[in-house]
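Just below sit the structures, each encoded as structure tokens.
Both of the next two complexes hold subunit A, though its partner changes from subunit B to subunit C.
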Partner chain A sequence: MKRFKSVSLMLLTFVMATGLILTGCGGGGTTAPKAQPKKDTITIAIPNEPSTMDVQFADDGNMRAVTDNVVQGLLLMDGKTLKPIPGLATEYSQVNSTTWDFKLRKGVTFQNGNPFTADDVVYSIKRIIDPNFKSNIAGDFATIKDVQKVGDYEVNIITNGPDPILPTRLTLLEILNKKAMEADSKGIATMVVGTGPYKVVSWSKGQNIVLQAYDGYWGNKPAIKNVKYRFIEEDATRAAALKNGEVDFATTMLPEYVDSLPQVKTAEGLEFSLVRMNAISGVMKDPKIRQAASYAINWDAIAKSLYQGYATIGQGQVFKSTYTGYDPNLKAYPFDLNKAKQLLAEAGYKGQPIEFVGEQGRWLKDGEQIQAIAQMLKDAGFNVNVKMLAFSKWLEVLFDRSKAPDMIFTFHSNDIFDADRTYSTYVLSTGPGSSYPNTLDQEIIQARTEMDTQKRTQLYNDIAQKLYDDPAWIDGVNIRDIDGMAKDVVYQPREDGRLAVFEMSFK
Partner chain B sequence: MANLTVALDQSVDIRDSRPRFYGLRRLARKMVKDRLALFAFIFLILIFLMSILAPLISPYDPTTGDIFNRLKAPGVSPGHILGTDALGRDMVSRLIWGGRVSLRVGFITVVFSSAVGVFLGLLAGYAGGKTDTIIMGLVDIQFAFPGMLVALVFVMVLGPSELHLIEAFAFNGWMVFARLARSLVVTFRDGPMVEAAKAIGVRPIKVMLKHILPNILAPITTLFVLEVARIIGAEAMMSFLGYGIQPPTASWGLMIGEGRTYFPMAWWLIIYPGILVAATVLALNVFSNWLTTAVDPLQKGQSG
Partner chain C sequence: MAQYILRKLLGAVVVIAGVSLLVFILTRVIGNPVDVMLPLNATAADRVRLAHQLGIDKPILTQLGEFITGVFHGNFGESWYEQQPALSVALERLPFTLELSGIAMALALIFAIPLGVLSALRPRSLLDKVTSTLSMFGICVPNFWLGLVLILIFANTLHWLPTSGVGDWRYLVLPAITMAVLPLGRITQIVRTAMLEQLREPYVVTARSKGLLEFWVVVRHALKNAGISIVTMSGWELGRIIAGYAIAIEAVFGLPGIGSLVVDSIGQQDFPLIQALTFVIATCITLINLLIDMTYPFFNPRLKFK
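Coming up: the complex of A and B.
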């Protein structure tokens, strides 16, 4: 019997070793000393290390979690109402349909001590709209044609055509210090200088980023003096770090973790899932088949069970009620298997294979959502083949009209809260992510330049209705942002998804 | 006459010192004596049967689940003895089908890598000279690259799928067989049996396959089993990383990968596939160890 004992012992050791290796249960070893008298440092765990600090170049959520506390735009976003509020510009007015006048805030200094003037604004805007710079977020500013200095504290911004949402766009356009940039144009990759409440102290690659409150900040001083970011990719490890007290704040938690964390706050967030369908070629060209797919998905199950209620179903559109272009009359396609099967029969679908491209690991439970959707489509009679791609390959497929698969899963984040962002990306036949015919092009372009809010809304409602009947995608769910935090942290996550450390405090 | 007797004796000696298979009955008797090996062997047989009979014994479809019945602990939900995963799929069914995939990848890969490796090893050992230098040079060069990394790059470029995984592993696995085969061939090449065959004009290819190969088969078989174990582990690792078997297909490694975010509240998602990967690899190793000693008289003393 001795031998059996040794076997089971060996087995056990082996199992445990394998388990440990495979799950990567190796959170950083140190435990933070507890109960310091006066806490002035907050440690925040984010999923990945930022790729750069060049806020004008990258489209990187991990970078934003850091830099949104360091740099600012002419206008800032109100985290609750999602409306632009004064930032580095104190007021603005429209001179004519394509020219806007901005009065700049006086007495503002950059974190390197240089004063903020119109030159910085002109430099920053010209840099980001320069086609040679090839900014990943240039699309957000495609309507800006030029910028002119009027005085030391006044600039004019000129747009290509009438642009009703220029103020919202400007909340994303961060102002850099011209002098610092001209002295060292490469330095911004590792250390950005802005006018915000915090300045970057250090970035130890692979370790952490440290921020410190900027004493010369023009606005309200933040309550917490020092900020330390750590990068913990594994969701479970990030949650464990929060539970152990190694970090005070952890972003992107799973709904399943909520009960076990010291404190949890959520916000609606901007991410909407959608399944884009190929309306220009292949099996799904027939609108009836696309409608059938819309009836086939039980989004209620996905929102209530997979996301444990931390998701809201899109109502026939991927907009929240606060967005411009939201149509209150539309309702989500009901889950109706019989209707789906009937439509498939009417369309004469005979089980031709349908390619469904997805990725996983980029968004909360994306892989699971894809598998659930695929199974529901199969239940309705679709012959779906799921093809999971690596993120970079998936991006290529998503943004190549000629390679458009029958279906492709994505999350869409509308960071200017305006229907134009969505339509000019996924519907407009020249849009980067469109596999839709040019039937709505004219209306989209017309709505984009319509200055009258009421007329604009009307145009968008009309487009939304047409898209409902002849769908470009299946509307998915809006997933909530879940932030875990220590008991003594006071913070309400913002509706625009930004991580605002300057709004945090300790009890 | 005296000369002839000596020659006969010699040939008997050569035969006896050669590692080769005994009769099956003799092996079985040895197996029963070595309880550790017996235990491993029975476990392997069970895993094999489970994989082969997956379509018959699996209680549910491994790829479809009830999303409202997700993350149920073992025993909580009727009909799901080992619980359900994050999409409400039955764990038992996924474990059974996952084993099928793991074993399939392991065996197919090693069948290819051993065939190529043994053939090239035979060729290098038998022909010697330039052929030997070139083939063994190739082996050395390929050994210089870390295997897992090569497989990762391979799959990243071609896209993850079961077939590409098998190709990547086979491309990386032939060298051990070549090396072993060559070293064994070298000891036989100049022996009297090969010399005799050559003397009566047997073609080199026939000498290699008919006279040398059967004599080196025993150690090759034990290496084969070891390699299957290694590949099953490697498949688990690749699938865990997302570059192996693709969802919704089940594989043990993929199950661990998919379950890791839920580990804090759903331990069963990774413990069961973890135990199966570990136990299968361990059993294959134990069995291979036993096989080495059982068929090699030189190590008779150790196998009991």
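Coming up: the complex of A and C.
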């Protein structure tokens, strides 16, 4: 046994020594950021690495968190009112119902030093509407037919038909430098050149993207000189990095983290949940049953318990009050179980099975929301069968009008802040996500091309009223965007969901 | 010897080809990537056009033919999202994962072998029981959860180590430990079982009766003979680290390895990238297995390369 002990001792010493080396080394390091006299760099944690910097190609929120500080459109979006404001164009007017005239800003330079002129605008618009360029966001600009140079600082944009939303669309159409693009058409994938307040300095794949304030910027100089983006996919780690002082700013925080973070600012988000109902076939074709479903859901409970209050209930529509087409007179369906049961009885509902399709993991607590909604529907007397699908399969179901399920859960984001986006997607009988009859088609098409803002709003309010009584979906909740930041960061998140580093500063 | 390696390599090619083919077919049935790529408001015409541009509207056999032709030219196509050659996107991320996996594996072995040997030497002792409990814990605990707990303790509470990202060696400590725990648990148990078997063999008695130091009896004789199971298990675990654990752990620690790319590419249904990644990972694992096979004669000279 003596020998056994000596062997054991030797091996044990080895294990312990290794352990000591490891823990000992760990204790030696410090991760506290070095004190700096004046902070001029902000480190921002976003969930994922952008896939590209080609702002005209991708539909990618992580990319926009970076590039919205680098590139600009003819018009910019006001972060509070969600109305277009002058950007690279100083003013615009309509020549006729399909031709718009834009006067361009003079004295603007791209971050590579090249001056900004009408040629850049013509190049950029033609590039994105070119069907051979497989832009994922080309659909946003489908109404643009052509663009013509009028002078060095003036262009005309021609639309296929009257398009009242053109100014808003142009806030999404980023202007690129023609010369730089023609010299190197592939370079934009890793480094985009724009006219914005920051220029891209470097992109170390997998690690970080670094921006620096552009000295020649035409507008107000940003307060913070350098920006470093890090990519941390796991929400809890992103929060931990913020708490540890490794990053100064962390986007998309969960409601649960709010109490433990140094500073939190929120804004109404863009995503509204909704449960689309099949109004063209099946059990739910009867509007009374769809109304009953609307009465059956206790959205207040969902907003409070699932989102800890960081969610706002849609007021009879899936619009924020700043959207074109918002009807201030509409109110959310109240939670009224008796009314729901009464309507079901009136409709003669005998417990026929109702298929409710959902997905999980794409949006914050989508799966939990679906379970809550299904339970509430059951409480009201609906015989609901929940069918959870993988995201891409779920998309196929959402887009297939001929096989529309009785109910399908989705989140809807209206990135042009205009009722047309929602109605053409989910109500218009030819819309990609519609299971609604063609009863409102005419009004939707009329409103889409109505150039008089007041008349247009009137049309949309009328549509909203009709949809309230003969619903295409159950209005859900709008989840607030939660940004976590260090104590010394000053920033108010924008209503358009853009991350504007040029509006940030240190205390 | 050369013939043996050649035959093994040939087998490896068949395995990699089989895996690639399987993934090719699987990607084609998990849903339509066009729906994922385009915004919800895109029209049916947009979807048809994109499907055509991506070439996924062609018959599956035509696509397969193009894929195979491409692979023979080392061309997996361009990643649909990154617009760069898929193979180089995948290879760019590989070294980091290999480095981290290597460190984790070394860490696991450094602890697993002594602990397993000690437990085998004194079965049912306190040390054995503690080791068994801990290795069961290592096997059962979900590693993404463990990663978050380690961040909470060592970064947020003690401030010894950074939470996430890449930098000097301190950034690798927590991910490497998190990654090592599961293989550590498994290998410890394998070492223990293999050693228990060997220590019962007559040659151990002979070695002891020669008056050999117990240390050499254990290390040079018993452990060497237990080597085959240990090495086989380690190779298998290394494969699992690269193709499995790395996915969750890289996401938790915000690391730029191949694991996080796997998650993204599947979510985006980026077919060319998924195929390139599968190819790279399958190649890695086949090579590891090949290397493991080649160490066998060292542990047991009776096993010749045949």
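General remarks:
The criterion applied here is as follows: the second predicted complex is superposed on the first by the 472 of 507 C-alpha atoms of A that agree within 3 Å, B and C clash if a C-alpha of one lies under 4 Å from a C-alpha of the other, contacts with A are read in each partner's own complex, and residues count from 1 in each chain.
Definition applied: a residue touches a chain if its C-beta (ideal position, glycine included) is under 8 Å from a C-beta of that chain, and two chains touch if they have at least 3 such contacts.
From a predicted model like this one, the values you see are computed outputs, not experimental measurements.
In the superposition on chain A, A:Pro115 makes contact with neither subunit B nor subunit C.
Once the two complexes are overlaid on the shared chain, A:Ala240 sits against subunit B and subunit C alike.
More residues of subunit A lie in touch with C than with the remaining chain of the pair subunit B and subunit C. Using the contact criterion defined above for the overlaid structures, shared-chain residue A:Pro86 touches neither subunit B nor subunit C, since it reaches no partner.
Contacts of A:Gln207 after superposition: subunit C is touched, whereas subunit B is not reached. By the touch criterion defined above, A:His412 lies against subunit C but remains apart from subunit B after alignment on the C-alpha atoms of chain A. By the touch criterion defined above, A:Val386 lies against subunit B but remains apart from subunit C after alignment on the C-alpha atoms of chain A.
By the touch criterion stated above, A:Glu396 is placed in contact with subunit C alone, subunit B being left untouched. Shared contact residues of subunit A, touching subunit B in one structure and subunit C in the other: 3-4, 7, 10-11, 14-15, 18, 22, 234, 236, 240, 390, 393. Note for the complex: subunit A touches subunit C at residues 3-4, 6-8, 10-12, 14-15, 18, 22, 25-27, 29-32, 45, 48-49, 51-52, 54, 57-60, 131, 134, 136-140, 142, 186, 189, 205-207, 230-234, 236-238, 240-241, 243-244, 246, 390-393, 395-396, 398-399, 412-413, 415, 421, 424-425, 432-433.
Taken together, the subunit C residues at the contact with subunit A in this complex read 30-33, 35-44, 46, 49-50, 53-54, 79, 81-84, 92-93, 96, 110-111, 114-115, 117-118, 121-122, 127, 144, 148, 151-152, 154-156, 159-166, 170, 173, 213-215, 218, 251-257, 260, 263-264, 267-269.
Of all residues in subunit A, only 3-4, 7, 10-11, 14-15, 17-19, 22-24, 234-236, 239-240, 254, 256-257, 260, 298, 301-302, 305-306, 360-361, 365, 367-368, 371-372, 374-375, 378, 386-390, 393 touch subunit B in the complex they form.
If you check the complex, the residues on subunit B that touch subunit A are 35-36, 39, 63-65, 67-68, 70-71, 86-88, 156, 159-160, 236-237, 240, 242, 246-248, 253, 256-258, 260-266, 270-271, 274-275, 277-279, 281-282.
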